[in-house]
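Look at the two complexes coming up: chain A is in both, with chain B in one and chain C in the other.
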Partner chain A sequence: MFSYPTVRTSLAFLAIAVVGLAFADIAITAANPWRDLGNFFLGVITPNFFSSEGLLTALLRTVAFAFVGVALGSFFGFFLALVYRAWPVRIFCAFIRAIHELFWALIFLQFFGFHPLTGVLAIAIPYSGIFAKVYSEILDEADPEPGRLLPPGTGRIAAFLYARIPDCWAQMRTYTAYRLECGLRSSAILGFVGLPTLGFYLEASFSQGLYSDAGAMLILFYVLIATIPLWVRPKLLPVYVLGAPFFLGEGLPIVWGNVERFFTEDIIPSPLKDGEGLSGLMSWAGDLMVEQALPGIWNTVVLTQVALVATGILALLMFPLISKHFGGPVRRTSGHVFLVVARSTPEYILAYILLQLWGPSMLPAVIALALHNGAIIGHLIGRQTNGIRLRPDAVTGFGRYSWELVPRIYRSFLAFLFYRWEIIMRETAILGILGIYTLGFYVDSAIQNIQFDKAMVLILITAGLNIGIDALGRYIRSKLALQTMPTC
Partner chain B sequence: MALDHIRKFLVSSLLMTATVTASAETFVFTAIPDEDETKLVERFRGVADYLSEELDAEVRYIPVKSYAAAVSAFRNNQVQLAWFGGLSGVQARRLVPGSEAIAQGVEDEAFETYFIANTSTGIEPADDFASLEDQLRDKTFTFGSKGSTSGRLMPEFYIRDTFGDAPEDVFSRVGFSGNHTRTLRLVEAGTYQVGALNFQVWQKELGDGNIDTDAVEVIWKTPAYPDYQWTIRGDVDERFGDGFKDRVKQALLNLDDPALLESFPRSGFIPASNDDYEPIRKTAEEIGILD
Partner chain C sequence: MSGFDLSGLTASFGGERVIGPLSLKVNDGEQVALVGKSGAGKSTLIRLVHEHVGRESSLVPQELGLVNALPVFHNVFMGQLDRHPTWYNTLSLIRPFSADRSSIKALLKALGMPEKLWTPTASLSGGQRQRVAIARAIYRNAGLLLADEPVSALDGPLAHLVMNELKKRFATSVIALHDVDLALKYCNRIIGIQDGQVALDEHSERLTSADIMALY
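Let's turn to the complex of A and B:
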């Protein structure tokens, strides 16, 4: 068994996580964590839907930002996908998607302020990078045969539209619809930094311990996501996309001088502004590295590795919940509900809730990341097992799980897990804003101190780290010959 | 079909820019989010109504999620007036030349930070901070917001000054609760053993009967320092007419609605000047929050 490369890789990652765990700060510091958790669940089952006058508006804004952001993202992503072969485009796309929506929002907040453009661009920019990559993968895999059958002299555009697009259309549509769901989650969490979406009210209710209000908001959000197939219809899409810009709210007017100031003054390292020259810059950069960047990178990497393995373990434990090879319809339905709730809740919100309840440490973050990502992968491989046909006399119970199913899905399980590696790291960095000492903590601190030069350097470091992990993940996947379809 | 979609996207992005409507002549203000949001919204909507009547102009309050967001909105001229803390006011006035501190609460001349502890720690209140060293070492500790004067700057200053170490080295775990009410709740619940908060918030919550005094108590009070103030941009006269700044100042100083004052809680507002906050600026530079 140990001769299999997939098994060896898994064990290596497990070992890294165990070592990481020794260094990680995992503790429940709250005095009454279970009582608080109980109060929270009590709040969820006694939701108060009439708490805030702004709640319905917030839901509307959440949907509007998601639609506009995803529409612009897919539009620009599509054009970037056409030229994705070019190296500069690839690097550009890798870069813009390596920066989390919340970081983009924090950047735009500094010069657009509370204008709808801040939220729209915060979603549209990273999504363009993601769409470019995925669309180009889909286009590359299109069957070349129809193109070859075209009569000589067919124009390139006509050939593209009539021979390539039709073959990819269904896949691109499915993926775009899926991204819309991700867009709703992104849009919701933008509220945590002050945009008028759901997160704004969720944070307010939560920090005041108004769990019934928070519960109502979460329930509305789940209903919104679970009913996507009902209200997002191809025929209604134009209405939504055209209508959404009118529901972003007014915000405050943009003062364009601020944009110029941000790029020509704010983000210039302070020693250069003060004329301290290269030596001043070196010591500034040195201090920044030693005091903030390195501890941030270390904590980000440790948390990512622990969360990655926890995600894998949870995914393997959770997929039987929806697999038809175990249990009856009742079990499967409740399993589905559980997985839908776990994967619909953004990691950021899960982590926020657990941090409020258990106190600050890496533990709430690990559990939030593992629950959310584990539920996504568990859902995907659980669905995959439903396509597996076992012999009528196959073993049942644990034997079936460990000898029949896990070996059959293990390769695609690993593929999904390594695909999500970079996504987990992106989230890990951002969780720092909640008070865990990852890179996001230092970015947030720099912004709180109005030191945007430092914040930008730290954001660039975070992006570099993500690009590195993305490349490493791709390398391991190709080494192990794992194939996957993209997930968000 | 693809072209059709592309057209729709184009139209929608054009429309998006059209929603950028100007509300130039609305006087907008904000406040640092130092307490529970519902309390802030209630308080500052009252202030907005009051100012609107006094100034005979449209006045709007916008809530923000962080101290830095309040400073940025002020700097970006998206708000023209703000209720800042000592530190955020210094930061904002440095970034906006010509801006002025125009009024402060009567209590803000001599503001204090209270260090509080969960009673399970057994820490005895003291008048001398240094005598608490043994009891405080290796406890868990929370500040309020990273940008707070009474919840971060002053307590950090006294920790460094008294014990000669950074907070991370004095305590086993250091957190930022987000705001003063949250600090109170976290220490009361024992999530953190020790915390530091704005004395006005403590006294108001105590007066309202919202503190379980068996669970949490004040262990040390800092010496007095200047804190909150109303700061206004220097260019408001150009935008809203001559004498506008003075009218805003006068309106704030005249504010005597007991319910509104109680919500701050302040007994009234008195004139303030930028120089009043020099001690805060020096302290912030000393511990490296300001360059």
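Let's turn to the complex of A and C:
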């Protein structure tokens, strides 16, 4: 067993996570965690849909921000994909997608304020980077033969439209639809920084202990996501995309003086602004590194590694829930519902809820990340096992799980896991805003203290860390010869 | 100018020579059949000729090179993308012009599949796909036809119909064929390939199928 590189890699990651766990701050600090959790579940099963008219508006805004942001992201991402071969474009795209939507929102809030543009750009910018990468991968996989057979002198645009796009179209459409679902989640959590989407009302209801209102909101959100195939129709899409900008709300007007001040004063490191010269800058940067960046990086990495392994374990435990090799239709249906709920809930919302109930520590974050990502991977590999045909006399029960199925799906399981590594890290950093000491915590506190220069440096460090993990994940995947489709 | 005169043609796969070095001269009006065992190097030779004569030829590769997501009409229309401005081609993707529609429909009729004009290529049978690639090559209307087993998936009468059509429309051609009778009937020069070399080169009137069978 130990001669398999995949097994050795898994064990190495498991060991790192166990060591990380020793350093991680895992605790339940709330006085009555289980009673609060019970009250919350009571709220979910007794939802109150009529408490305020704000709920429907929030739902509408969530959809509108998602449509405008994803549409713009897909538009610009497509054009970036066409020039993705150029390395400055690659670096640019890697950079903009390494910064989380919420960080973008925090940046734009500082100078656009609560204008709809803040929310739209917060989604559109990172999504452009993601679309550029995935679209270019899809385009690269298209069969080059039809293009080679075109008569010489065919225009580049005509060649592209006839010989490249048609074969990629279906895959690009599927991926864009998947991203729209992600966009709805991103849009919902933008409410946590004050935009008028679901997150805002969720936070408000929670802080007042109105669990039935929060439950209603969550249920509406699941229904919204689960019914996407019903209401997102190709024919209706132009209506949505053109109509969505009119439903973003008014927000507050942009004060252009703030925009100018942000770029010319706020983000200039304070020693330079105060004329303290290079030595002042060095000690400023040194303090920033020692007091904020390094602890932030350490906690982010520890939490990421623990959450990654927890995600893997949960995914392996959960995939039998939807695999047709086990149990009957009743259990599979409830398994489906559970996985849909777990993967439709943004990590951020899960972590927020658990933090409210259990008090601040890394535990809620690990559980939230593992539940959400584990459900996504569990769903994908569970679906994959449904394509496996076992011989009629194959063992059943745990023997079937451990001897027949896990060995068959283990490689694609690892591929998905390493693909999501970077995503988990991006989320880990952002969960800091909720009070866990990852990089997001230090970014958020710097912004609270109106130290935008420090916040920008910390965001850049976060982006660098994500790019590094992405590269490492890709390296390990290629070392182990693991392949994934982009839709994960 | 549709004939060609090439010398020093060679090709290797993984360090092993599969073709040549050989010379090949084809004059205007010659319809050449390449015959020989599978693996003898016919496909490689067609590829090599295509690379050397530039792209001023109508090619039917063995893999066909169809765009599966597009209907038959557009796959055929692609043969003349160079003759129209970009706006015309783009518009044709959405709503083809009636002149193009009728000319491509006539072409498909000659190949025995007029009813398939708007069928997505992905849902066609192997023989139908082959005829779409042939229709594209004919529509392209270059002076020289290079075709690699263009009728391998067609049954008897259809194979004759298509070969007849190709003979009529291309005065000069090089066609790899494994069917010796088709080669003798529709080509006026037979080139036999064996182990990457020309083992036979003769006018078809002077050959019988027994002469060619010696290559197999």
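One rule holds for everything that comes next: the second predicted complex is superposed on the first by the 486 of 488 C-alpha atoms of A that agree within 3 Å, B and C clash if a C-alpha of one lies under 4 Å from a C-alpha of the other, contacts with A are read in each partner's own complex, and residues count from 1 in each chain.
In this section, a residue touches a chain if its C-beta (ideal position, glycine included) is under 8 Å from a C-beta of that chain, and two chains touch if they have at least 3 such contacts.
Everything numeric here is computed off the predicted structure, so don't read it as measured data.
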Three-chain arrangement built on chain A, chain B and chain C clash or fit: fit
Which of chain B and chain C A:270 touches, first, second, both or neither: first
Superposed model, angle subtended at chain A by chain C and chain B (C-alpha, nearest 10 degrees): 150
Partner chain in contact with A:378 - chain B first, chain C second, else both or neither: neither
Residues of chain A touched, compared between chain B and chain C (which is higher): B
Partner chain(s) touched by A:215 [first = chain B, second = chain C, both, neither]: neither
Partner chain in contact with A:360 - chain B first, chain C second, else both or neither: first
Partner chain(s) touched by A:170 [first = chain B, second = chain C, both, neither]: second
Chain B versus chain C as contact partner of A:445, first or second or both or neither: first
Partner chain in contact with A:161 - chain B first, chain C second, else both or neither: both
First, second, both or neither for A:119, with chain B first and chain C second: neither
First, second, both or neither for A:152, with chain B first and chain C second: second
After fitting on chain A: smallest Cα gap, chain B-chain C, Å: 7
Those residues of chain A which chain B touches in one complex and chain C touches in the other: 161, 169
Interfacial residue positions of chain B with respect to chain A in the complex: 1-3, 6, 8-13, 15-16, 18-24, 28, 36-38, 62, 64-69, 71-73, 75-79, 91, 95, 118, 120, 140, 145-147, 173, 175-176, 178-179, 181-182, 185-186, 189-192, 289-291
Touching residues on chain C, where the partner in the complex is chain A: 54-56, 59, 61, 63-70, 74, 78-86, 89-90, 93, 136, 140, 142
List of chain A residues in touch with chain C within their complex: 143, 145-146, 148-155, 157-159, 161-163, 166-167, 169-170
Chain A to chain B touching residues, read off their complex: 29-32, 36, 68, 71-72, 74-75, 78, 109-111, 113-117, 120, 161, 165, 169, 192-194, 200, 203-204, 207-209, 238, 241-242, 244-246, 248, 250, 252-255, 258, 270, 359-360, 435, 444-445, 447-451
